[in-house]
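I have placed the structure first, in the form of structure tokens, so that the comments after it can refer back to it.
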Amino acid sequence: ARDSISIVGSSTVFPFSKVVAERFGRATKFKSPTVESTGTGGGFKQFCGGVGVNFPDMSNASRRIKQAELDNCKANGVTDIVEVLIGYDGIVIANSVKAKQMKLSRKDLFLALAKKVPNPSGGDTLVDNPYKTWKDVNPTLPAIKIEVLGPPPTSGTRDAFVELAMEGGCSQFSFIKAYKSSDKNRFKEVCHILREDGAFIEAGENDNLIVQKLNANPNALGIFGFSFLDQNADKVQASYVDGSLPTFDTIADGAYPVSRPLYFYVKKAHIGLIPGIEQFLAEFTSEKAWGDEGYLSEKGLIPLDEDRRATIAKRVKALDSLKSL
Amino acid sequence: MDISEEKSATLIAEHDRTEAPKMTENTTAKQVADMKAEHATTVGKPLVDNAKMSMRGVDVFYGDKQAVFGVDLDIGENEVIAMIGPSGCGKSTFLRCLNRMNDTIEICQVKGEISLDGLNVYDPKLDVVPLRARVGMVFQKPNPFPKSIYENVAYGPKIHGLARRRSEMDEIVETSLQRAGLWEEVKDRLHQPGTGLSGGQQQRLCIARTIAVSPEVILMDEPCSALDPIATAKIEELIAELSQNFTIAIVTHSMQQAARVSHRTAYFHLGRLIEVNNTKKVFTTPDHELTEAYITGRFG
Amino acid sequence: MQALERACFFDLNARPNRLEYIIPPRGFMNSWVLIVLMAALCATIFVAGRSRSLNVATGVGGTRYLNSLPFYYGMLSALWAILPALVLVTLWKIFDGQIIEHIVISELPDDVVFEDASQRGLMLNQIYNIMNGQLSADAAPAYLADSVARLQALKAHADLLVAVLVVMMMVGLGGFAWWRINPQLRARAQVENVFQLVLLGCSSLAILTTIGIVMSVLWESLRFFHAVPITDFLFGLEWSPQTAIRKDQVAGSSSFGAVPLFAGTLLIAGIAMLVAVPTGLMSAIYLSEYAHKKVRAIVKPLLEVLAGIPTVVYGFFAAITVAPFIRDTAVSMGLDNYMAVTSESALAAGLVMGVMIIPFISSLSDDVINAVPQSLRDGALGLGATRSEVIRQVVIPAALPGIVGGVLLAVSRAIGETMIVVMAAGLAAKLTANPLDSVTTVTVQIVTLLVGDQEFDSPKTLAAFALGLMLFIVTLALNYVALHVVRKYREQYE
Amino acid sequence: MNSTNSAEKPTTAELVERSLAKRRASEWRFKQMGRASVAVGIIALLILFTQIIGNGIGAFRQSFIHMEIEFDPDTLGMTEVNHEQLALANFDGIVRNGLRELFPEVKGRREKRELYSIASYGAGFKLRDMLAADPGLLGQRVSVKLLVDDDVDTYVKSLRAGDPYEDRISEAQRKRIDKLLESGALKLDFNTGFFTSADSAEPEQAGILGALLGSLFTLLVTGSLSFPIGVAAAIYLEEYAKRSRLTDFIEVNINNLAAVPSVIFGLLGLAIFLNFFNMPRSMPLVGGLVLTLMTLPTIIISSRAAIKAVPPSIREAALGMGASKMQMILQHVLPLAMPGMLTGAIIGMAQALGETAPLLMIGMVAFIAEVPAGITDPATVLPVQIFLWADSPERAFVERTSAAIMVLLAFLITMNTLAIWLRRRLERRW
Amino acid sequence: MDISEEKSATLIAEHDRTEAPKMTENTTAKQVADMKAEHATTVGKPLVDNAKMSMRGVDVFYGDKQAVFGVDLDIGENEVIAMIGPSGCGKSTFLRCLNRMNDTIEICQVKGEISLDGLNVYDPKLDVVPLRARVGMVFQKPNPFPKSIYENVAYGPKIHGLARRRSEMDEIVETSLQRAGLWEEVKDRLHQPGTGLSGGQQQRLCIARTIAVSPEVILMDEPCSALDPIATAKIEELIAELSQNFTIAIVTHSMQQAARVSHRTAYFHLGRLIEVNNTKKVFTTPDHELTEAYITGRFG
């Protein structure tokens, strides 16, 4: 018989989830929940597998659940799901402190990293990305080789980066933006596909490794989560994106453009049957956990504003289930 | 023994004397002999009344190559039979058929009938273990186990449950080693590896190991090849003693030895059994010209 | 958090104790007791069988006249007793829970109905949790308290029941076997048949595993080939799963070409083998043929540690120390003018991986080299061969099958390794033979596709299965070749 | 040969002499190559070891703060020591009181918060345990040794290394820490907690015991299954199976299984053990079974090689004595092949001990804050723990990662020692 | 040969005749002999003028156990020296010292001086390769390589670069096999494994393998133990032929053989060299009582 909560899902939410799990376990009579880091999609796959002791009770996500995933849940009898938005994560573009701090725009990022870019010599056509150095992209940037270490296409962080930064950059070209309404697939293809000629380096999911690689190679930039920047301020520095640096405040108030929401989802059918789910939810949504000065912010979670916390906490208490996306 | 010491010795001396001068002709003579052997049929008295083991039409093949051709032979109860013949003529191969040791060579195939006390040795349903316990073997190349001397000898009795107590086992080991004439040399080092012995000592160890099980039939493939005359004498004495109760087939290259220890002698040539007769007869008045040629040290 | 819910954290043993049935003390007949009991019985029956055979033997004139050693009679009786009992216990352990649960569920009030099995499972879980004190019984419906008590009682009785059954069965069958003992009983042959059957069972496990693997990748692979033509997959020169990332997009035919992955695998595994085979083999030779015994006793286990260092460590080492060093060296030699030189390189990954698999070759080869009989070495040395000649021309050929086994294992490990490649060679699938460039391997793609953020039935995920299947087939073919090559060159000593 | 005009023909000695220099050189080269190869392996090992030890040695020491604490019933909100009250008491409060006593000048909410953050959040739990163990402490003043926060610990350690890591600690806080260091109230001590606790989200409280036991349980399952099964399979294939297409097929299959990426074994485990047999996730038993399947080929292949290397004459000798096949195998072949088999076990188990990927699929890549007590308790294993810590943002996990690797290697070496000792005893040349 | 065929043959016949009756006394007699041997010093003429190899004060130990005790001996140029003695007396051990084969036994330690043409064989700086090319060895247990028959024989010439062309090699292989009397039997199966030969064939293969290198000194440890008289005669003929140019040390248990082939004979007992003399003298009027006891088949 299973007597502890089982949580799966995003590796980004994992550190936050485990803090809560641990404190919850130590402070109550319940066992500490088991938290697995499976990636958002992998988490949903298990979560939506069905109702029963062999299926997890909660799934963490670094993006919102997709309709297809929701449908799958429904098909497997997981009908009542509570969605909890817990805060934000900033995706930072950083380089070694030994190098010059970069001031980038999303457009620069798009031009530097997309597989196909608008023809530099004008016209509404797309060509294979010809840029070799940052200076080619934007004359105000230094003349160093474009070398960006980032997550692979299988990662949620990559998805978020592509959606927030690249899409933001490519939308600044009106003819591409026009695709958005006319040919959505085309739009995504242009904005989402990163170059594969070596300027963008898929570096795996280990953000610490990216930090270390940046340390060893001052010319390179890296893309990773905010918590790693927070913990490694002596080694790497964030670049400005559209004029703002990623900090708690800029991410929380939306001034920093590349940030994404973090969620977890709860299977209502398990509440009351698996011990401690309600209490765990209460702990997670308590002020001392996710509040402005709560222990989650220590770990790098960027808190929601007070009002949203209040409404969400209320909804969680009432176990309002997700109706539709 | 059938043949008196005196006579056999004289005979051998003669043989030795005649050997050297004829050597130069051997090569071609041997070829002639080989050709003759190919069409030879067994002469003499291959069959006996009180057969302990009997073989009928035994053919042995290594892959495509036939090594033994249609041998019919009986080995009598409590008899010592010697098998002689030029190197490579199939003596070991034939001997190994008798307790199915050839089973271990993948390419080796045995045809014909072999029986032990009327028991078909090559019955596919037969359990070879009791067979091999009854028909023991001393191999041509001494192959002691990489274990201590004691364990080497105690192994057979152990697996066949011949000793109940440690003391019984000690006794078996000691007697066997003594009978093989090795006891004096190894009694202080019974627990050192058998592979650290000299060539001759290893050979005697293998003999001791085999007789420790007291098999009914003992097959010995050149058991004295690495032994000095004294040790050889000791083994021959052992054979004489054993033959009172057991049946022994011995392959040897020493015709003196064959003459000394055996009751009957079988002469093989190129995989064929050429002649079987009382030892005395074989060494004095062989029936087949090839046999005569061989024991007198020439061919043809 | 509400105060009421904060029961005491370290008092998990305080369990509700409202039981209506009389039950034996908990855990009385738990598995350990049963195991010890079975072992003891088995030993007793062995001894009984053995001594009966001795008794029987005295009747016929000593153990010589038994078909087998007394040991085998004992063994046979013990096998008769233990094997069926083991089967029974195993079956019981698999099914008893289900039977008991079924009883408990069926005794629930009629108005409790389940829509499906999972709800039933949850209800059971709840009952178990109440039983273990993990859930408070107060919040649950009243009838559950009865179920809890029933469950507890049933469990205890069931344990007792199985124990009694097992004992009876062991005594019965063991007794039967014991009774059957007579001098003609072919005890040894029967014991050996069991032995052989067990061995056969063990080796067929490998086949079952293979079948299992094929089954677990075949279905998904077929679905993948439904979406992507198999020829595109086999012969496509471009691997770029990002273009096929979305469900709404028709999988780009050009983006699932497995050729670069296989090329990358070949390149990295090749480099690794270039490092590992000579080093491993030479180490084995040095250790077994030249080095002092004491040196060997220390160095061999030390090298074996290399195989046990977690791959993350190698990964960091390759990515942070080796790869930048290689790049800097290449750049300082001016190689970057002629070819791509990146900070992620096949060379770095291959080199480090090579070091990791050294022990596979060194240790296994060392053992088989050591097993070559000294007389062979003597034969060659006596002819005046130098040691190296003896090794190269006599020892190695004689030890070849074992060495090849080690090499195969090493190749396998190189093909299967992910962490080092991800960290040091990157994830970009490039079709290149340039070791200074970044490449990726089949296994790495499988792992990233499987564990990444994914939709479960996009071609991207399914591609992992197809890759797995392909890899399986390719290595199978290579192994067939290896088998025949080895057969051809095998030299059997003695 | 000397048959015809031997005068012209050079003697063997002369002929040998001609090529001797070359052969000597090649002999020398060969030997040096052997030396160099061993050196390569050893040097690689040394480099890795120095790196690991250099990075990880720090984790075995940990900063503690020695301070006076008053178990003040008012602050705690307790009247007597019982379970209910213990659970509700405000132990953080008395820790804070203690800290404030050390720095009475600290005013303001923000500054106080900063001050409080010196102590680890686990400090309160420690005091709770103390009080539970000795209820007489209520109302007493005692001096205690408490864990400090990981940031402070990192800072303290970086100070000693001469390259202070200041970014995560404010100027004022640094002053306070310096003061504590000077007064000796804050100092480094042996980190017992690392060996006695399970994983934690807080680096200063994170320990390796949970993963260590997880590995132990997993490998117990693996070792007790894969070695006997592997050896048995090897024996069957070498000694019993007749050469046929079928055995060829089995042989190729086993070799091939060795080349199957380990993550696929995870898929297999997922399909069989979790989905078919409905076993729970994160269980050492399942992990052990999956790793058994994964290590089997290694053990089978090496065992077969070892069995093949036993000279046929030994088999003949045994069979000739009337040993049955089983006796021949168990009493002669197996002892002689055992060293090679043990090598297979050593390598296979080392691989199993270091494997992460297949465990990913069966839920052992998890945060489990409790120490497992058996093979059916949720657990993680050492390499997974290393993998998870290596991927954690907290700086203090860097050294813990290396320390965990050291523990893994120690585990490996201990595990292997037995096998190696056995192997050395059984080795012989004949 | 020093000694005429006739005489030796007679002598052996006598010996054979005297052997059997005395066997019963052997055990105790041997113990007495062993005690005597322990204090024996070498008698006869161990040293010669034109020594090819000379040994002085050679002691050999296996671990703590001493197997050879202070042997002084010369082997003359183009001489055939036979070494005889009871099994386990240290003949093989001593022989293996002469080309440092004992190096391969870890626990074996050799003391004393051994020189070949004045060259110190046990010089630590000496390269054993040319030494072993000059001093070839046939081992007591035939140990063919698990290679083809051809490769077995060609191995030595190949590593020493004795044949330039394939045809030369073919010739060396053929001649060597012919001289060892094996050619006829294996000429059709040169490319089959040498391990698939019969015991005697393997022994001859090992002889062929050794003479293919034409070493100056050939050490033969019971080269004829598995051979029938004809094959033995062939090998003895070979020895006689080789001794025209080469030096040969042969260990044998057959005193007849020693008498036939050797010029001088050395008698070992319990690790001590008891007597060395002209073969004729040893077999007719031995100086030492132990020698006499041994060759007459008794002890004491």
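Every chain is named by a letter (A, B, C, D and E) in the order it is written, and numbering of its residues begins at 1.
Going forward, a residue touches a chain if its C-beta (ideal position, glycine included) is under 8 Å from a C-beta of that chain, and two chains touch if they have at least 3 such contacts.
Worth saying up front: this structure is predicted, and the values here are computed from it rather than measured.
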item	value
Shortest chain-hopping distance from chain A out to chain B	2
Given chain A and chain E, the chains that contact each of them	C, D
Pair of chains joined by more contacts [C-beta pairs], A-D or B-C	A-D
Centroid-based (C-alpha) most distant chain relative to chain C	E
Chain occupying the most central position, where position means C-alpha average	C
Separation of chain C from chain D, taking each centre as the mean of its C-alpha atoms, in whole Å	18
Geometric centre distance via CA averages, chain E-chain D, whole Å	59
Interchain centroid distance [CA atoms averaged], chain A/chain C, Å	35
Contacts with two or more other chains, residues of chain C listed in rising order	6-9, 11, 188, 316, 373-374, 384, 386, 389, 451, 492-494
Multi-partner residues of chain E (at least 2 other chains)	129-130, 133-134, 141, 159-160, 213, 215
For chain D, residues contacting two or more additional chains	16, 23-24, 27, 87, 312-313, 324, 336, 360, 390, 430
Every chain pair in contact, whichever chains are involved	A-C, A-D, B-C, B-D, B-E, C-D, C-E, D-E
Touch list for chain D against partner chain C, complex	16, 23-24, 26-27, 30-31, 33-38, 40-42, 44-45, 47-48, 51-52, 83-84, 86-88, 132, 228-230, 232-237, 240-241, 248, 250-265, 267-268, 270-272, 293, 296-298, 300-302, 304-306, 308-313, 324-326, 336, 339-340, 343-344, 346-347, 350-351, 353-354, 356-357, 360-361, 382-383, 386-387, 390, 401, 405, 408-409, 412-413, 416-417, 420, 424, 427, 429-430
Residues of chain A defined as touching chain D within the complex	2, 4, 6, 8, 11, 14-15, 17-19, 21-23, 25-27, 31-32, 34-38, 53-54, 205-208, 225, 227-228, 230-234, 293, 295, 299-300
For the chain B and chain D complex, residues of the former touching the latter	99, 101, 104, 106, 128-134, 136-137, 139, 141, 143-146, 155-156, 159-160, 193, 195, 206, 209-210, 213, 215
Interfacial residue positions of chain C with respect to chain B in the complex	63-64, 66-67, 69-71, 186, 188-189
Chain D - residues contacting chain B, complex	243, 312-324, 327, 331-332, 336, 428, 430
